[in-house]
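If you scroll down you'll find the structure; I have some questions about it.
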Amino acid sequence: MLVLVEQSLNGLQFGLLLFLLAAGLTLVFGIMDFVNLAHGSLYMMGAYFAATFVAWTGSFVFGIVLALGATLLLGIVLEYVALRHLYGRDHLDQVLATFGLILFFNDAVRLIWGPAGLALPLPAWLTVPVQIMPGVSYPAYRLSIIAVALAVAAMLYVVVMRTRIGMLIRAGASNREMIGALGINIKLLFTLVFGLGAALAGLAGLMQAPILTVQIGMGENILILAFVIIVIGGIGSIRGAFLAAIFVGMIDTLGRAFLPDLLRKVLSSAAASTAAPALSSMLIYLLMAIVLVVRPEGLFPAAKR
Amino acid sequence: MNFSFNARNVVVALVVLGLSLLPVYSALSGNIFILTLFTRIVIFALAAASLNLIMGYGGMMSFGHAAYLGIGGYAVGILAFEGIGSGFIQWPVAVAASALYGLVIGALSLRTRGVYFIMITLAFAQMAFYIASGLSRYGGDDGLTIYKRSDFGGLINLSNRVQFYYLCLGCLFGGIYLIWRIVNSRFGMVVQGIRSNEQRMQAIGYHANRYRLVCFVISGMICGLAGALLANNTDFISPAGMYWTRSGELMVMVVFGGMGSLFGPVIGTIVFLLLEEVLSQFTEYWALIMGPLLLLIVLFARGGIMGLLGRMSRD
Amino acid sequence: MIDSLADPLLRVENLVRRFGGILATDNLSLDVAPGELHAIIGPNGAGKTTLISQLTGQVMPNSGAIHFAGRNVTHLPSYKRSRLGLARSFQITSLLPDFSACDNVALAAQAHDGHSFRFWGAARKEPGLRNAAQAALKRVGLEKRADVPVSELSHGEQRELELAVALATKPQLLLLDEPMAGLGVTESARMVALLKELRREVTIVLVEHDMEAVFALADRITVLVYGRVIASGLPDAIRNNDEVKRAYLGDQHAVTSHA
């Protein structure tokens, strides 16, 4: 029971992080029709910036705020210098060009920070366990990730659903010509949306950094998970991305935690320990396959036109 | 075939001639390294040619082709590990396993189009990568050493560098010939028609996805063969060889050379891998140059090298 | 003879198709007799193209039934309907742009000549397919343009090629969605002459805005407004039908009377 609560919270926390990543990806795709593989690189850069700035300033909070700003800035520069020339091009062109950016970022990080990973130590006040239920305590840091991510999700919801910019974003996602017809400065809007997406990715990266090691390529596996989420949730849909992200986070975490024991009840212990790691890493892809069979357009597709 | 002396054909002829005579040069100059390098290039060219079949002719942008390299390689590695050394068993198994994977993944992925298709093929290839990492009996993350190359009786000795090179080259030319026949056949015309205008092809009576799927499977089988060759070349197979960046590299090779041209992938592979080789001689951080270069090529040089040569010969 | 509809080639019953809140096809029923040229007219937005697309299976109806040659085809995908002998031309030219005119037609002929899982022989060298393609091209007067890529054909030639592609599938019923769209006067006249010949060989459903052409060609005319049939009958009856005049010419009357 205790383990179940803890693992469910872990799943929720992972799912929320995935959401931050997928939200930026799906926003950028929805409004600009642009596939950005380098989104995972922004996630990685967020983590590296955080590790660096926290070490420089000696303050955790100040460091991550700086890191967030740096990722936002990097996103805007990236959009301005390279990516805006790829809008309106083939998706294949976009995929290849941003693949080139991944290669670039990975080697740039290796050059600047070296091939070994970095650690981002937590301040003492974030490492204390918090009693969340009688007899169940949970690390404060993970709880604060959940809180921050939920707050950001809520903010995103308000921005997208209740503000003028959000209206433009929604209009752009379903009908790209329309925002042009409204006389909006599209270039500026695109830069803003891209910067927002970059900041979200950076936030996810820097929040994940104290839990895992900060290392080269950390953004790649999680980027593919974000793709899976978008496929499951439906392209261009923030709500779909949110629900699918929680779903995927839960299934992945709980699968890894409990599948070996479950298998051991069915199979011999040797067979179970062989099959469990492969099977638990397959779970979310199997989920995606099922969604593709049942609803190829995703579970919660954005309203069309 | 009517052959005319335009830039494209001259380059293709030179490449074919050069690849065929490379072992002679290697023997005369005593440069063994170049033979090793080009064995690798020839194998990747076969993989790129198979990807070109679905990308260039079929319009299916698969970002998961490295999975077949892994599947073909693991078929050889696992069978060798379990004591089955005959290439007559290993290679057909490699191709059949690739076909099976292609059939399942293709049937699922082809329910969608465009970006979805790219993402889904990528995701499933990543799944294959994780499965390989989970094969603890066969080395898991660390991979599996292949102590003995595929055994073809007295027919051919894969441990002999020159014989192995010519086997790989034979597979490459054979693969390209096969693709050439397919592309010009009834089947190939239909697949290209679907790339051009799917709705129209449905309206005149073609079940588009059935043809797409078969094309997807054929491409996977050819790439699975390349995987079997690659495992023999490196005497080693590991999940790292099917990591998703390798799928990206294969796409780059195809686009470098020119999508939808028969020899484009061969030229693209030669350029890409030579560039990688040369850059890494200068700096350890070769991707710092390769990455932005890729961006520039996408932005400014559409149609790849074959497209460029085609334009040259028209001027 | 027109009333002998005991065995229509195409029978549409109570077809309904909604797009969001809009009824594009509103409980529509229609019969097409073998051998007739049946024109469908109506103002813009009457749902003519939506109807054609449902007949050929690009769009599926929400309810209702479509019977073709005695078979219920309501739920068949478009490629299967094509095999049964239902062919269409598209309002907006929809060809294979990077193929030659001959390839376009040959692919249509190939679709109706067994399966295409043949991987070895060169399709462009098969005399059967080439001859069939040449014959269809000749039928529409394009035989001299056979090897020209579609992207280099004029708009009028592309419209003719659309027709040749449809003919090459050896259809029993030809659904033509505005074959005259965007054609000049001489090109239109050629198309009308062509359709006059074709109607002797194949049943045709013609959607067209060019009224002169419609009344010159049609055996019967059905008038659609807002997805509903408001009149159906012989050309003379339609010409004198008050409701048709009101619905179809209403705007013009309003404009002239208030001017």
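Letters are used for the chains, namely A, B and C, taken in the order the chains are written, and counting of residues starts over at 1 for each.
One rule holds in what follows: contacts are C-beta pairs under 8 Å (C-beta built on N, C-alpha and C of every residue); 3 or more make two chains touch, one makes a residue touch a chain.
Owing to the predicted nature of the structure, the values given are computational and were not obtained by experimental measurement.
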With chains as vertices joined when they touch, what's the shape: line, ring, star, complete or other? line
Strictly by count of touching C-beta pairs, the top pair is A-B
Which one of the chains is farthest from subunit A, going by Cα centres? C
Chain with Cα centroid nearest the overall Cα mean is chain B
Expressed in whole Å, how far the mean CA point of subunit A lies from that of subunit C is 50
Between subunit A and subunit B, what distance separates the C-alpha centroids? Give it in angstrom. 31
Chain centre separation in whole Å, for subunit C relative to subunit B (CA means): 44
Which part of subunit A faces subunit B closely enough to touch in the complex? 29, 35, 82, 85-86, 89, 91-93, 95-97, 99-108, 110-111, 220-221, 224, 227-228, 230-231, 235, 273-274, 277-279, 281-282, 285, 288-289, 292-293, 296
Would you tell me which residues of subunit B are touching subunit A in their complex? 55, 61, 63, 108-109, 111-112, 114-116, 118-120, 122-124, 126-127, 130-131, 133-137, 244-245, 248, 251-252, 255, 285-288, 290-295, 298-299, 302
Please name which positions on subunit B make contact with subunit C in the complex. 181-182, 184-190, 192-193, 196-197, 199-208, 211, 214
Subunit C residues touching subunit B in their complex are 56, 58, 77-79, 82-83, 87-88, 90, 94-99, 103, 106-108, 110-112, 116-124, 126, 165-166, 168-169
